[in-house]
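Common to both upcoming complexes is chain A, partnered first by chain B, then by chain C.
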Partner chain A sequence: MIDEKVINEFSQIVGARGLLNENLDLFTYSYDASFLPLLPAAKPDLVLKPQSTQEVAAIMKLAHKYRIPVVARGLGTGRTGGSVPAEGGLVLCLDEMNQILELDDQNLMLTVEPGVKTQDIYQFCAERGLFYPPDPSSLKQSTIGGNIAENAGGPRAVKYGVTGDYVMGLEVVLADGSVLQTGGKMIKNVTGYDLTRLFVGSEGTLGIITRAILRLIPMPKIRRTAQALFDSLDGACAAVSRSIKSGAIPAAAELMDQISIEAVAKFRNIELDPRVKAGVIFEFDGDSEAGLDAQIGEAERLCAECGSVQFRIAKTKEEEDELWSLRRGMSSAIAALAANRIAEDISVPRAALPEIVKRLREIAARYGLQLAVFGHAGDGNLHPSLLADLNAPGEKEKVEQAVGEIFQAALAVGGTLSGEHGIGLTKKDYLADALGETGMAAIRSIKKALDPAGILNPGKIF
Partner chain B sequence: MIDEKVINEFSQIVGARGLLNENLDLFTYSYDASFLPLLPAAKPDLVLKPQSTQEVAAIMKLAHKYRIPVVARGLGTGRTGGSVPAEGGLVLCLDEMNQILELDDQNLMLTVEPGVKTQDIYQFCAERGLFYPPDPSSLKQSTIGGNIAENAGGPRAVKYGVTGDYVMGLEVVLADGSVLQTGGKMIKNVTGYDLTRLFVGSEGTLGIITRAILRLIPMPKIRRTAQALFDSLDGACAAVSRSIKSGAIPAAAELMDQISIEAVAKFRNIELDPRVKAGVIFEFDGDSEAGLDAQIGEAERLCAECGSVQFRIAKTKEEEDELWSLRRGMSSAIAALAANRIAEDISVPRAALPEIVKRLREIAARYGLQLAVFGHAGDGNLHPSLLADLNAPGEKEKVEQAVGEIFQAALAVGGTLSGEHGIGLTKKDYLADALGETGMAAIRSIKKALDPAGILNPGKIF
Partner chain C sequence: MCVNKTEKMSLAKIQAIVNQCDRCGACLTVCPVYDVAHREAAVARGRLATVRAMAEGGLTPDSKMAEAFEFCLLCKACTENCPSKVKTDEAMIEARQYMAVKLGRRAKHRLLAGFLGNNVLIKLAAGTLKLSKKTGLGGLLRCVVPLEHTKAGYREMAAGPAAFPALSNIPHPERPHPGKIAYFQGCAMKMFFPAAAQATVKLLSRTAEVTIPESACCGMPHLAHGMADQAQALAKKNIEAFADADRIITDCASCGSSLKEYGHRLAADPQWAARAQEFSSKVMGLSEYLYDVGYQPKQKNALRVTYHDPCHLVRGQGIKKQPRDLLQRAAEYVEMPRADKCCGGAGTFYLDFPEASRKILSEKVKNIESTDADVVVTECPACLMQLAKGEQQSGRFKAMHISQVL
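And now, the complex of A and B:
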């Protein structure tokens, strides 16, 4: 509970407009897009909606003075509970700081506030022939602040990298309310430690991002989609790896296992060749027709060598949409198979994909659970979905144990707990297994250095 | 001075072979490639050459126990005194940990020890059709450990990024001798803070890098060189910016001002068109002839629009070498113009290049010093060279003041102190101007968190 007097002090910063403390409001800011809403809500004591860096800084000064926990959030699309106010306190909702502040057309840099939606950034740039590549699945709803805080990825990471690869500078309000500027519009910068990258992916535990400078690239002139269906998952994985090694690097290479494909096919009434055990949707992009033809030709040849039973190249926008529909319908189609879908986000070395899928299937079989696997074959980032009915007796415990084993399997093949969703609340129990004692001590010491009072997003990551 | 008893303890770790403490040896490890050798030497008390992570860890445990400063180094090609033992103590020379440990051909990852030369990594990969892009000028002598510690760049950064963009994981021995593993062969990884990136560019002040996992890409199938000469430096800068924006992104775009070009022309007896005021050497690479032709064609067109008086495309390897000879001969040709050449390494937003060159010239004129400017036009990283005779009365002071003003000018146009050489000893006095009080406090707190006793490369950066 926050004292009435203190609430008044906050109110003086943001005004009545920017302060929410009705019960229903508090509930609205208590969850994200993870499976945590199924658990008892962790309600904030107060929600503030600042409109400027100055307001955020003033709020943090007060919060620091009174040692009130502060959880920053955008639109709550996170998948690991990162923006859930686990220990109550303040939720700092940044969705009203949603301006694109500057397009620097000469340096190809965009300066934005944290509350701008990722899709709006993409669109704004695309209309000007420029490209902001990171494309988390949530991009229509997620904000850039959240993308940066979780270092969000997406299908295009295989060719273009993740959010962090496009963040050149940040403005961050630190735990004590001081305002830090990192990086800038320089491409090369070795001036002190790389604080920009330290805040990227730090999940709101080190500071509140209030502004970001994003690097843009020219929009590729041509894109082409192809769909390859395979008689084995190993073949599908090998085709993607070999394509990348050959230099035919797809802008996206989305992998789907047999259960995933069959689910979508059923959901969408698509006739499926019975030999199909896996599929890959490829996107290629580039600037010359000839170059693109050569790449797709190479990919097709390699797919055939790896046991593809079908390779279709979209010739029209409609065909492109049709090919992508297999992948785009996936989440809903799989969700329809069971009462609950528990989707994870592990990341492994690309070559370990066949091995990890084998292990995941063994785990699911051991617990008698259905498992669908899809993900980003080009970068080894998988989203295994356990299908269950969490209300059935004993099912929740089984799922929890299976999830634990999934993480152990990811680590065992040289991978890690999260490729693009972060650790948040849902994976913190496994973190020490991934980082080891020395790694945990190192990140704890950094957290303590930048937030000695521990008020920033407490209970997350660690 | 290190106690004889303690020296004996170190000797038990590395053996007589790995321990140097003769006066001449100590002198050999007292300097790097910066202008600091002109100053009184900062000699180490002891040089150790470990051959394994275990030895490094044991050394650090002892050094930590006795609070002895430790300066890691490779082959001493640094430009800012980063490996100079400013406060004496131990120099840890890692040049005997020089093995390429593993090529993971499936995941396109290379695991190396810190003492491998950058050129050897490039060559090893090139022979297998793979590409390690970072190309600091010192690559024939510099080691990968030093490249990572300084986040070295190079001409190819404009298209391919810098060293840090290829480091996927590190093994680091921390100040207390504990061994930290960061990252791995995963492309996507949001598991705890990005410690890998924190150690990249930390100049040996946070830990000793003992192993690195490097990401490789397929070697581009074709490369082509072009040389454009311009009647103005503004035109040369504009041509590079417009080329990048159009999607014709060069693999390198090396800028030379009039003094630099004239120096090389004189040095090499090349006849120069009197209209020439600036030049750019472009390298383009790709996988298809057609795609490359289109890119070079676009670059040529844009150069013409920006006032190029000549645009030559190399047709043979000999012509390529000839075109590059302008750039490759630059350092020696400029050095021959004066007794001393004080070369800096500022990094500015690309579009600020004309403005910064104008300001640099004003500064040089004010101090009556000659100035040659060349650098990486594609990424805004410039190497202004002041020409002087440091033995002439008052000249050293003039140069020092001019260098200070050069840094202020870089900051004033939105740039920073270093693009690829680091801060080391030579730029630390200017760091607070670049990072501000909050930035300084943040990096100091991180240093203190990871090296509370302050034994790692003391006197650097801060």
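And now, the complex of A and C:
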């Protein structure tokens, strides 16, 4: 509970408009898009919607003075409970700081506030022939602040990298309310520690991002989409690896296993060739038709060598949309197969893909659970989805154990717990396994140095 | 005991819907209410989470929650954009019903629903357009009575004052529809847009033999405000009144989607299920029907018209192409940006939340103005009332029912 007097002080900063403390409002800022149960609700004591860095700084000063937990929030689409106020306190909702501040088209840099939706950044750039590549599937409804705090990535990571690869500088309000500027518009920078990188993926535990400088590149002139279906999952993985090695680097290569494809086929009433055991959706981009033809030709040849039973190039925009909508509809189609879907987000070296999928299958079989695997084959980031009915007796425990084993398997093949969704609350228990004692000690001392009072997103990551 | 049982059923029904939401947040990008309110409690994800927590015992029903459930346009924009196609509008209707039983109904809605359930009062209101003080609705509705344009007025606009006298309305000799069609005149068409209703009848009579049975309210307002029993009683009245018709045509989008749901609404009632099903299968919206029978307007004029999609037509019934196609046959058609975004009228929403409603309307007005259209056309009296307000605000266009333009 926050004292009435203190609430008044906060209200002086943001005004009545920027402060929510009705019970219903507090409840609706208690969850995010993770599968954490809604109840018991982790309600904040107060929700604040600042409109400027100054307001954020003033809020942090007060919160620091009274030792009130502060949880940054974009649009609450995180999948690991990052913006859930697990220990109460303030939810600092940054969705109204949503201005694109400056386009520097000499240096190809864009300066934005944290609440801008990723799609709006993409669109703004695209209209000017520029390209902001990071493309988490949630780009329409997630904020750039949340993307930076989770180092979000998407299908295009294989060729273009993830959010962090485009963050050149940040403005961050620290735990005590002081305002830090990191990085800048220069490409090279070895002046002290790389603090920009430190805040990328920090999940709101080190500071509140209030401004970001993003690097842009020219928009590729043309794109083409193709779908390849394979008679084995190994073949599909090999085709992607060989394609990259050959220089025909796809802008995206999305892998779907048999269960995932069947789920979509069922959802959409499509007949499926019984030989199909895996599929890949490729996107290629470039600046000339001839160049693209060559890339796609090479990919088609390599796919055939790896046992593709079909290779379909989208001829029109509609066909392209159709192929992508298959991929985008995958989560829902899989979710429709069972009462609950528990989707993980492991990331492994690309070469370990066939091995990890084999191990995942074994785990699922051992626990008698259905498992669908899909993800970003190009970069080794997979979303194994366990299908279960968590209300059935014993099922919850089974799922928990299976998830634990999935993480172990990822680590065993040289991978890690999360490719893009972060650790948040849901993966905390496994962190020590991934980082080791020294790793844990190192991140703890960083946290202590920047947030000695422990008020920034307490209870997250570790 | 009895209340408990219905309560449980209602909760089970709600839970079946709300549990499908995985909180992905895709609805945040399309919900017109969230657009202006910027609060999680005012978007599908927040509403569904609230209902779910309530059903699971984590939130105690209170007036704030009831208000949050009312603060929804039932426009289905969220459902259309939702990967799991969660029917938030249905969940809200159920939740309102549940809250009404728990907390009692808002007096205003009770009054309105009672009024709409009473044909004598509606006629009285329609006849004089001065709402009887006795109904107690005078104050409530006074501010909403819109100005109505007539078809003759439209022709004048199209041709200019020096034009030939209006063409006489001789019904077409060849009527493309062989059967007997019945016009379902909804309450709002009766009360507020009698001229448009007349234009509908004229249009229809060019295509078939038309009857106008005595209709009761379609029941939508009752359902939307937690009076499901009354909605069912009204449905039964209508099923009886329209038993003879081969087709039932309505020029109100909300009535249309409500009437098409009778089959669903009465499915659990063995005495009525089959009749309700049959009734619903005969219902068509005006443009849906005209398109179906290949209606050709007698002339094409040079006015610029644009079209606003009523939520209950475009998402409620999947009718999108038909009105546009017909308008292209009748005038110069221009599409406005986000034509299918709710105008903010939405039944009684504009009475309950005037501020939000006005903001939503402002965006609609901007979009209409950007087309430079002379006339914005729609096929729902609720939208037309809202757009008429937009017309007053803007002064750059007229708002008309599609029946007055074809």
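The rule we apply is simple: the second predicted complex is superposed on the first by the 459 of 462 C-alpha atoms of A that agree within 3 Å, B and C clash if a C-alpha of one lies under 4 Å from a C-alpha of the other, contacts with A are read in each partner's own complex, and residues count from 1 in each chain.
Convention: contacts are C-beta pairs under 8 Å (C-beta built on N, C-alpha and C of every residue); 3 or more make two chains touch, one makes a residue touch a chain.
These numbers were taken from a predicted model, which means no experiment stands behind them.
Visitor: Is A:Gln141 touching anything from chain B or chain C once the two structures are fitted on A? First, second, both or neither.
Guide: After superposition on chain A, A:Gln141 lies in contact with chain C alone.
Visitor: So, does A:Gly329 touch the first partner chain B, the second partner chain C, both, or neither?
Guide: second
Visitor: Per the contact definition in the header, classify A:Leu198: touching chain B only (first), chain C only (second), both, or neither.
Guide: Touch status of A:Leu198: first partner only.
Visitor: Please work out whether A:Glu22 is in contact with chain B alone, chain C alone, both, or neither, and reply first, second, both or neither.
Guide: In the superposed model, A:Glu22 contacts chain C only, not chain B.
Visitor: Considering only the touch criterion stated at the top, classify A:Asp32 as touching first (chain B), second (chain C), both, or neither.
Guide: In the superposition, A:Asp32 contacts chain C only.
Visitor: Of chain B and chain C, which one touches more of chain A's residues?
Guide: The partner with more contacted residues on chain A is B.
Visitor: Is A:Asp95 in contact with chain B, with chain C, with both, or with neither (first, second, both, neither)?
Guide: Second partner only, chain C.
Visitor: With both complexes superposed on chain A, which partner does A:Pro349 reach: first (chain B), second (chain C), both or neither?
Guide: So A:Pro349 only meets chain B here.
Visitor: Inside the complex, what are the residues of chain A that reach chain C?
Guide: The touching residues are 20, 22-25, 27-29, 31-35, 38-41, 49, 75-77, 95-96, 117, 119, 138, 140-142, 328-329, 331-332, 335.
Visitor: Over in the complex, which chain C residues touch chain A? Could you list them?
Guide: 22-26, 28-29, 38-41, 46, 49-50, 52-53, 56-59, 62, 64-65, 68, 83-84
Visitor: Can you check the complex and tell me which residues of chain B touch chain A?
Guide: 104-109, 150-151, 153, 157-158, 162, 164-165, 174, 178-182, 184-195, 197-198, 200-202, 206, 217-221, 241, 244-247, 249, 286-288, 290-291, 294-295, 347-351, 376, 378-381, 414-423, 427, 431, 434-436, 438-443, 445-446, 448-450, 461
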